[in-house]
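Order of writing sets the chain letters: A, B and C. Residues in each chain are counted from 1.
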Amino acid sequence: MIERFYQKKKNINLSDIIQLIKPNNILNNNNNNVLINNISNINDSEKNDITFFNNIKYKNDVKNTKALYCITKEKLSKYLPSNCTPLIVDNILLELSKITNLFYPNCIEDKFDHNLKNIEEIKIKKKIYFGKNVLIGDNVSFGENFSIGNNSIIESGVMIGDNVSIGSNVILRKCLVGNNVSILDGTVVGKKGFGFFPDRNKNHKYPHIGLVIIEDNVEIGCNNIIDRGSLSNTVIGKNTFIDNLVHIAHNVKLGKNCIIAGQVGFAGSTKIGDNVMIGGQAGISGHLKIGNNVKIGGGSGVIDDLPDNSNVMGYPSTNIRNFLKNNE
Amino acid sequence: MIERFYQKKKNINLSDIIQLIKPNNILNNNNNNVLINNISNINDSEKNDITFFNNIKYKNDVKNTKALYCITKEKLSKYLPSNCTPLIVDNILLELSKITNLFYPNCIEDKFDHNLKNIEEIKIKKKIYFGKNVLIGDNVSFGENFSIGNNSIIESGVMIGDNVSIGSNVILRKCLVGNNVSILDGTVVGKKGFGFFPDRNKNHKYPHIGLVIIEDNVEIGCNNIIDRGSLSNTVIGKNTFIDNLVHIAHNVKLGKNCIIAGQVGFAGSTKIGDNVMIGGQAGISGHLKIGNNVKIGGGSGVIDDLPDNSNVMGYPSTNIRNFLKNNE
Amino acid sequence: MIERFYQKKKNINLSDIIQLIKPNNILNNNNNNVLINNISNINDSEKNDITFFNNIKYKNDVKNTKALYCITKEKLSKYLPSNCTPLIVDNILLELSKITNLFYPNCIEDKFDHNLKNIEEIKIKKKIYFGKNVLIGDNVSFGENFSIGNNSIIESGVMIGDNVSIGSNVILRKCLVGNNVSILDGTVVGKKGFGFFPDRNKNHKYPHIGLVIIEDNVEIGCNNIIDRGSLSNTVIGKNTFIDNLVHIAHNVKLGKNCIIAGQVGFAGSTKIGDNVMIGGQAGISGHLKIGNNVKIGGGSGVIDDLPDNSNVMGYPSTNIRNFLKNNE
């Protein structure tokens, strides 16, 4: 699916990668003129790929990687299998970012889509209801009974299911939209995330080659921002409803049947279970795992994982009974 | 006023309603072929209406209802007068929602207004200042000295007072705007609220047949979302000023002379008195009653009613002196 | 620079000012027919200016003012030098606001820019990449390699540096944009601030004659609102990155290399140092001074100044160690 949205370069010479990331170790001559086909994670790598290994918790996975090369650091390099040559660097994620950008150019800045046309100028076989000044990119696919309001933009590659209703002033970019989905006015879906390596002269932004996947029966309110993933996808699960002015950062995964009230914020890479209810203005920190059937009170600040069936409130959030007792 | 915005069906056969909501009790044959004119609340009902009674606190009101039929539950049905036949259901609000939708179709989804025309194509007698790509619906009324920026949309039925200034990228829907009102860029007024009955297969959205009423001298900043009411109206009182990125849910009523700072959020159906000052990012839970002359500190979370002249801060909010003392 | 954005009236007769602000003291006949050239602060005043003095901490500055007249209150008037005639009023800032409006009309309401043209209709020598329906005001200057998405608006006077990328549905008003800046979809830069004198009949808005200055290498995410200054400027320092749905009030100054996560809010006139990191949904009160290298945890509420190198969390924010210890 990624090829639908991102043009990938193929067969980049290893020497170009070496020059870009300047590894600390010296490779022997056998590596001259090797062509690399892709950058990929440990488990998905094919033989001509380069991968990365930055956390010892993946040491068992890395044993089976098919990748020819792996960006890693000195003390992790001993876990690599013999078919995989380490490229030792100081900042794995920074170098990963540079290589990703080499394979997938144009994923760092969200320049506007140059291929947009007014919907009146393109041929669509299906019946579509559209407002004024609707712009559509290349290779957008539509389901039955599609409706889209004024000044809305669907950028190239986006796929839309059946019975989808889009409001006015909406932007859809790098996303797949399921059936029976409503996305209301002023919302931006699929913007690149807020990801970069801080540098006091000029921050290094990293590429975002993920998508936003919106499953069936979802409703998304007004003026929300849902960023696409960097290497994985941002996901809004089936039958999840989201109110207004909500911020969903890159790589967040919301489960099914969630209810997300106004002005809630999710920091990057957090995973929310099914049937989770979150009150207005609550904030969920990044890289957390929130279980199923969790209730998070309005205004709460969640900074730790929460098991299934938790019912919390407060900042930092705590069991709601304790919270209310402490604040009687 | 509601007819200006919502087309109501008349004379719906009771048997269609019976089929839709499937009451637990069986009605006698006298009820065959009865035509129902409207769904309405207990006090406003006319003779040919159907009403609903879901809380014992209205038991005195229901004695005097003129409605022929009333959706209610078993244990409340004894309070109905003899002229009013109960329709016993398990979930009164869900069935109410279905009947409302029968009388007022097209109030569940906010499809874009199909009747919009470019402002340059319509005849307006008054002098109007307008930007590019301004779209106006049917039967919109304008006051003197009206100004509206680029890409803004006024949907059908909206009424605008004198000396009103609308920014760019603004959407006005299902609302009445008083005199001397400013609404700044990117704000959406009158979207349907975040109201639905959760269902793990597919949530049931409920119809929103209320309006947003913006009284005289109001200023509303940028990228705010003000949802319209479901059965009642959302109201912004006279001379109330609202900063940016504020979320005002359905049925909220703000009093006069309020000052609402940036990123404040109001959950549904809360009522705010006059002369209330609310600091940035404060959140007010739903269904609360906040008195007059109340001050709520920035970042506070208000989860209980507040009497007149309260001065609170914190989460949950408490008297500001206690808050500051406890946090010395 | 201010003349690029705001038309100033010159040579306003002192008698008109007297009539407007109705000072408590009576001026002698020598003041008849004096022409005033500008309203300015104590230090910048030229001889034919009027200035204001409202806080005793400026008593040393006022000794050297060149201004002919000074709005002040009774008990401060004794600090004025002999060349400067006091105009004694009860509410200095309110009267200042009225006089500012006299010199700079049209700065109180943000009416849309009447001089916008479609970018296709104007001559620009530089190569520009633009989407559909892009509107540009008078006297806008562009750098090299400029890109701007659909439905975006650049109002009159705005200056754009090199390598700037603007998203869709963006509004730029009263601002200077440096080099290598990205401003993403739906953001509004340069709106007038939320400044007014409350009055229970009709609030008195005050003029905003400041700018927004965006320095080099800045990134600003989606649906942010950045208000321009009232008398000074709002500033976003070099290499500072801002996520989505952030509210930056008038006169705020962000330092260099700051990282501002989603939904953060800054109240008016606060000054943030360099290398400051602020987590999602944190709020910073107005008129504070936050030092360099400060870290503010997500969801925090900062209500006091913070020295350099502080690391805080909580509401009100406190040292992060104490916060986590108290909440174990």
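One rule holds for everything that comes next: a contact is a pair of C-beta atoms (placed from the backbone, for glycine too) under 8 Å apart; a residue touches a chain by one contact, two chains touch by 3 or more.
Fair warning: this is a prediction, and the values are worked out from it, not measured in the lab.
The angle of the rotation carrying subunit A onto subunit B, fitted on C-alpha atoms and rounded to the nearest 5, is 120°.
Of all residue numbers that take part in the contact between subunit B and subunit C, under half occur on both sides, making this a different-residue interface. We define each chain's centre as the mean of its Cα atoms; on that basis subunit B and subunit C are separated by 35 Å.
Looking at subunit C, one finds that residues 133, 151, 169, 186, 223, 245, 263, 281, 315 touch two or more other chains. Against subunit B, in their complex, subunit C makes its touches with residues 109-112, 114, 116, 118, 133, 135, 151, 153, 169, 171, 186, 188, 191, 194, 196, 198-203, 205, 223, 225, 227, 245, 247, 249, 263, 265, 267, 281, 283, 285, 301, 303, 315-316, 318.
Residue ranges of subunit A in contact with subunit B, taken from their complex: 129, 131-133, 147-151, 165, 167-169, 180, 182, 184-186, 217, 219, 221-223, 239, 241, 243-245, 256-257, 259, 261-263, 275, 279-281, 298-299, 314-315, 327.
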